[in-house]
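Next, two complexes with chain A in common: one pairs it with chain B, the other with chain C.
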Partner chain A sequence: MLTEQQFREEIKVFVEKMRENKLNWQLKENGKYARESHLETLSDGRNVSADVHILYNSTYQVPTLWFNYFENNGTPIPFDTVVRDILKISESEESDSSIRQRISHYEHPILGVLYYNIHPCNTSNVMKELKTEKGYLISWLSIYGQQINLKMPDFSKLQ
Partner chain B sequence: MATFVPFKTFLDTAFWREVNKKKLHDWKLDESPKEIYSQLSLYDTKGSECALSLSHDSFTSSSEASNGLSISGGLILYNTRESFKAAATTNSREELMELKATKIWDAVQSRSWLQNPQLLNTFFIIAFADLKKFHYIYKTCVPALIFPKEIQQEIVPLTAYNANESNLFTHHEKASSPVFLLSNVSNEILDLPQLENNNNPDEIIIVIADPCPVSSSAGWLVRNVLAAVAQLHPSWTYCNIISLRSAGSVGFKFSWVSSEGLQSGVPRSSGWEMHYSADLKKYFDPKIMMEESVDLNLKLIKWRLNPDLELERYSNLKVLILGAGTIGCNLARGIVPWGVRHISFVDNSTVSYSNPVRQSLSEFEDARLGRGKAETAVAALQRIFPSVQATAHRLTVPMPGHTIDEKEEEQLQKDIEKLEQLVKDHDVVFLALDSREARWLPTVLACKHRKMAISVAIGFDTYVIIRHGIGSRKDSVSDDSNSEAVPYSQLSCYFCSDVTAPGNSTSDRTLDQQCTVSRPGTSMIVSGLAVELLASVLQYPNPLETPASLDDNTTLLGAAPHQIRGFLNRFQQIHPIVKRFERCVACGDSIADQYQQNGWKFVRDVMNSPKRLEEVTGLDELQDSVDAIDIDFDDDESVVSN
Partner chain C sequence: MDYEVSRKVWESQVPVQFTLQAGGPLGDPLPFYTMLPRFTYLALALPKALSSFNRRDSGDPILSEKVWLEVNGSPVKMYVPIGVIYDQANLLENDAILEISVKTTQPPETFQMVDPDMVKAMFMQTVKEADYLKTKSDITNSMMVDEMPQLWRSITNNNFDEYWTMVQKLMDPKDGKDFTHVPLRVYVKNQPFKQALITLKHPNGSLRTIGEAVSDVLQLSPSSEASTPTSESSASSGATTSSTSPNSEERRLISHGIDIPAHTPLIFASKNLSYPDNFVHIVIASN
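After this line comes the complex of A and B, so read on.
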């Protein structure tokens, strides 16, 4: 678990590291959360924008991943398409850390529009089993980011 | 000829939500341009355009601009579709773009761009937002000066420029400068103003942060830099550029036809994007948002737990709830979250003061104003979920033993017709009426029309749920299976276990014997269970054939019991499976025949004399034969009945 203070310290270092590794993370609202955006290609060839945020969840005291996908005019991509073309999560995937079991759709606490979110109830269990010597957030994202196809830096290069 | 990769605007829902809010609360009818900011990414490699991204934070200038490249622009939001259309005509658009291009050209002429290269980058959006329909139309322009003329490009490997890409990147990040210089002589990074003193295009390389995803071309922003360079050094006919990108920077040598002296007027410009529109009703219209959220929630159940779950079996289902009391209300609250949208309530009474604390769809005011229970339930459901299609019917269900006289017969006939029509028009009938005899006619009707009927009843601390056998016994396929499952058509109804006909059960009873007095949690428990029983049954391949079985592989959601009987005094529950009784006073074959032949008159007779049911079914003879058996008991032996 992380205190909010720890989260804020970690997220700052995290964004710096990601940027050093040429990943488009940004610190938002004085370090309240971090944001990454990139394009994803759907199976019909269209490019849609992906918006990914890392926010602190004070109930579970862990970071949470919020994300959504939009057409260029701002229309969210339908859930079925997201599952099929972007998340590509197989129906048999049943690991405890799999977002398949934890994905939800809620009003984003800052944006006020619906975003997907990975429910944080299991995060601290998953994190207990991980070595976090590379930093809590990077280890965390290596688990959860992977499941939404987030680009991660080459770990061998990270200090 | 060199081509430059144009921009494509990428907005998200949160951007439009901010527009909605600001238009309503701050801007109102003000059409003046509003300053907005776009965060450009040097990281994209997908797509064939540069992405101009706008989100909820595009309305405040970023104090965190050090994280990357931000450009400022303007949003002109017109009040009417007509004024937008007028602004979107070719002439108006040319004028608007010229205005912005003039500003850029001013920065070029005054050389202020050397101090602040951001002056070369701007964009603007003309838009109309219909805040009633949540429909948006918009068009974006990122003006680029068409100067100098006939630009040619040649790609140069970065090694030829002796460039250390990661140093350049670090400098860009730290200094947050979108344009800077790299000396081709000393290999040092220089600030942009030094370009003024440099007269040899071979000695200097101009580094431009470029959000272009296409590796064979430079992005749109490079054009204005070339225009500024050509105007700063009229003698130059080429220059060296590094287009700085995360996925691999690209070196270019751009050359052009000498401009032969200074360009005097503002050059022509281009940069309008396609016309776009967005329909976001689903995301902003509160009623539709709720519908979508309810549906998505169910989709998540399906996606997470059971990919084969047939959700449309709930959303297409028409449910008739007979009795809008505690159980009826709770049943409705339970099926709506499953996606059921069509609900009809039948009740004949009004909300009384004791009701609101127990009934989840009524309130004090409903009792004070003496509103009908069915109407109250419908109104509350619609307040809870405006998309629900609920209707109320005030109707007294005809009951055996509740005698009527001749002048009431016309009304009776109408009531029976209406009830029969309601049963026909729905897929499921919940029998949540407060007396035994009120369940009789609905049972007969559900049998006749082969509808699912589920009886839900409570005592003080007991409850029972029975799903009645479908159709008539004659329908049942021969029971050749060796499993313990019993076919749906062979299941008993609420009355099958009775050996007497239902009579007027409330007439000789004290208050505590009437079932309306019960432990308050009972109704919630029984309603929840009944809803989930229905939910399970509906997932059987053909729900009308769902056998009664406690095997949790019976349907996608598990077991499909026939009866659920609970005893709160011991917190126990049993799940008997009981076969149909051929002489049943409600679902028996002879009753069905009688109703078929005599219709409402049969009902009238039964109302006036419930014994009629026993005659029709032969129960009276059965009763007599049981009574005729003479059993000798020893005096000291007690008989315990169960």
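After this line comes the complex of A and C, so read on.
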């Protein structure tokens, strides 16, 4: 569990640490959320842009990962392409409906448009099992960031 | 829960007109008129409108995954209950028709097309979130795998009896415990919905009213904070300047097409006036 105040403090430190590690995170909207963008390559070789946000979820009182992928003209990439090419979840591993129970579109609380989010309903249980001495958000992202193949710093070297 | 109130809420409908500007040699098809339950979603109602347009013989049929919808010149959220969209469109005074244009053109940049599967997934996430607020997920965790889909089915089949069976489980916990927080979303013009942790009672034990709860949400919601929307944050949402919300005396609280008295106990609203997603949806209007 993280209070909104704690989140605001943590997210500042988090963004600084990421930038020290040459990862392009930025604070947005007076520190309400952090944003990162990068390119992803689809299986047909096309590049699409990924937009990743970390927001505070007041219901579950945990951080939540919001993300979406866009073509050059701004069209969002369809769900099945995202699952297959970017999240790289194979059909044999998981059915479509079970993925949708973990990851689905939801209205972005600040932008007011649909983004994907990793459902935060189990986050606080997961976080109970984790050591957080390097910072709550760093530990949290080490679990949730890899679910969307987010580029992460070398955690063993992080101060 | 009150059976009569819940049934009335379930049975309320809104008049909707779908129009299609297709161009083409035959001109535009006739508009499609229908009455839609307030609890349903445009993503579910769209196929019927399209099959009416497709009935005439003028080339390729229009497919639901290729179209998007517009109300008053802005893209409309096909995953928000139709009753909420109607209440936001400012039509209540004369029971006017909600006019929806079906667009086959390229949607605005970053606009996400919505299909019924997506709406179902979002609905499930919303019901779970509501239960987390109410009971820390006690009820949904103890439900059988097929119970939540049953709630969704009651919407797609317009089946009140099935809905009533399910919603009582979600709204009247067997252990009789009070809700921890109340699922409430508040809509201010041209802004994303607002939500915050709102308890049922004041610290002194007296019941919180819906008017007080709305004031609290408007104050506490992260999207309310004196924010300066950047060009990016208003991407495709059509959001413009942060319109100041009317103060509590001038404020009208609209849900299901009626003015909800501000002194209504929040718990009554939650149990009886929630949409099937288990949230109370209040649209703010000014006098």
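Points to keep in mind about this one:
The definition used in the following text is that the second predicted complex is superposed on the first by the 147 of 159 C-alpha atoms of A that agree within 3 Å, B and C clash if a C-alpha of one lies under 4 Å from a C-alpha of the other, contacts with A are read in each partner's own complex, and residues count from 1 in each chain.
Quick note on the criterion: a contact is a pair of C-beta atoms (placed from the backbone, for glycine too) under 8 Å apart; a residue touches a chain by one contact, two chains touch by 3 or more.
These numbers come from a predicted model, not from an experiment.
Once the complexes are laid over each other on chain A, chain B and chain C cannot both fit and instead clash.
Shared-chain residue A:26: touches chain B; no touch with chain C. Of the two partner chains, chain C is the only one touched by A:119; chain B is not. In the superposition on chain A, contact of A:109 is made with chain C only, not with chain B. Judged by the touch definition given at the top, the superposed model places A:152 against neither chain B nor chain C.
In the superposition on chain A, A:70 makes contact with both chain B and chain C.
Contacts of A:41 after superposition: chain B is touched, whereas chain C is not reached. Measured by the number of chain A residues touched, the leading partner among chain B and chain C is B. In the superposed pair of complexes, A:56 makes contact with chain C only, with no contact to chain B. After superposition on chain A, the stretch of chain C that runs into chain B among 134-142, 170-178, 188-196 or 224-232 is 224-232. Comparing the two complexes, residues 28, 30, 68, 70, 73-76, 79, 100-101, 104-105, 108, 110-114 of chain A contact chain B in one case and chain C in the other. Chain B makes touch with chain A in their complex at residues 8-17, 39, 41-44, 46-47, 51, 53, 55-57, 64, 67-68, 136, 169, 173, 213, 246-247, 276-280, 283, 289, 293, 296-297, 299-300, 303-304, 307.
By the touch rule above, chain A contacts chain B in their complex via residues 15, 19, 22-28, 30, 37-41, 47, 49, 51, 68, 70-76, 79-80, 83, 91, 100-101, 103-105, 108, 110-114. Residues 77, 79, 107, 109-114, 117-118, 121-122, 124-125, 128-129, 132-133, 137, 181, 191-193, 195-197, 222-223, 225, 227, 230, 233-237, 239 of chain C are the ones that touch chain A when the two sit in their complex. Listed in rising order, the residues of chain A touching chain C in the complex are 4, 28-30, 32, 56, 58-60, 68, 70, 73-76, 79, 100-101, 104-114, 119, 121.
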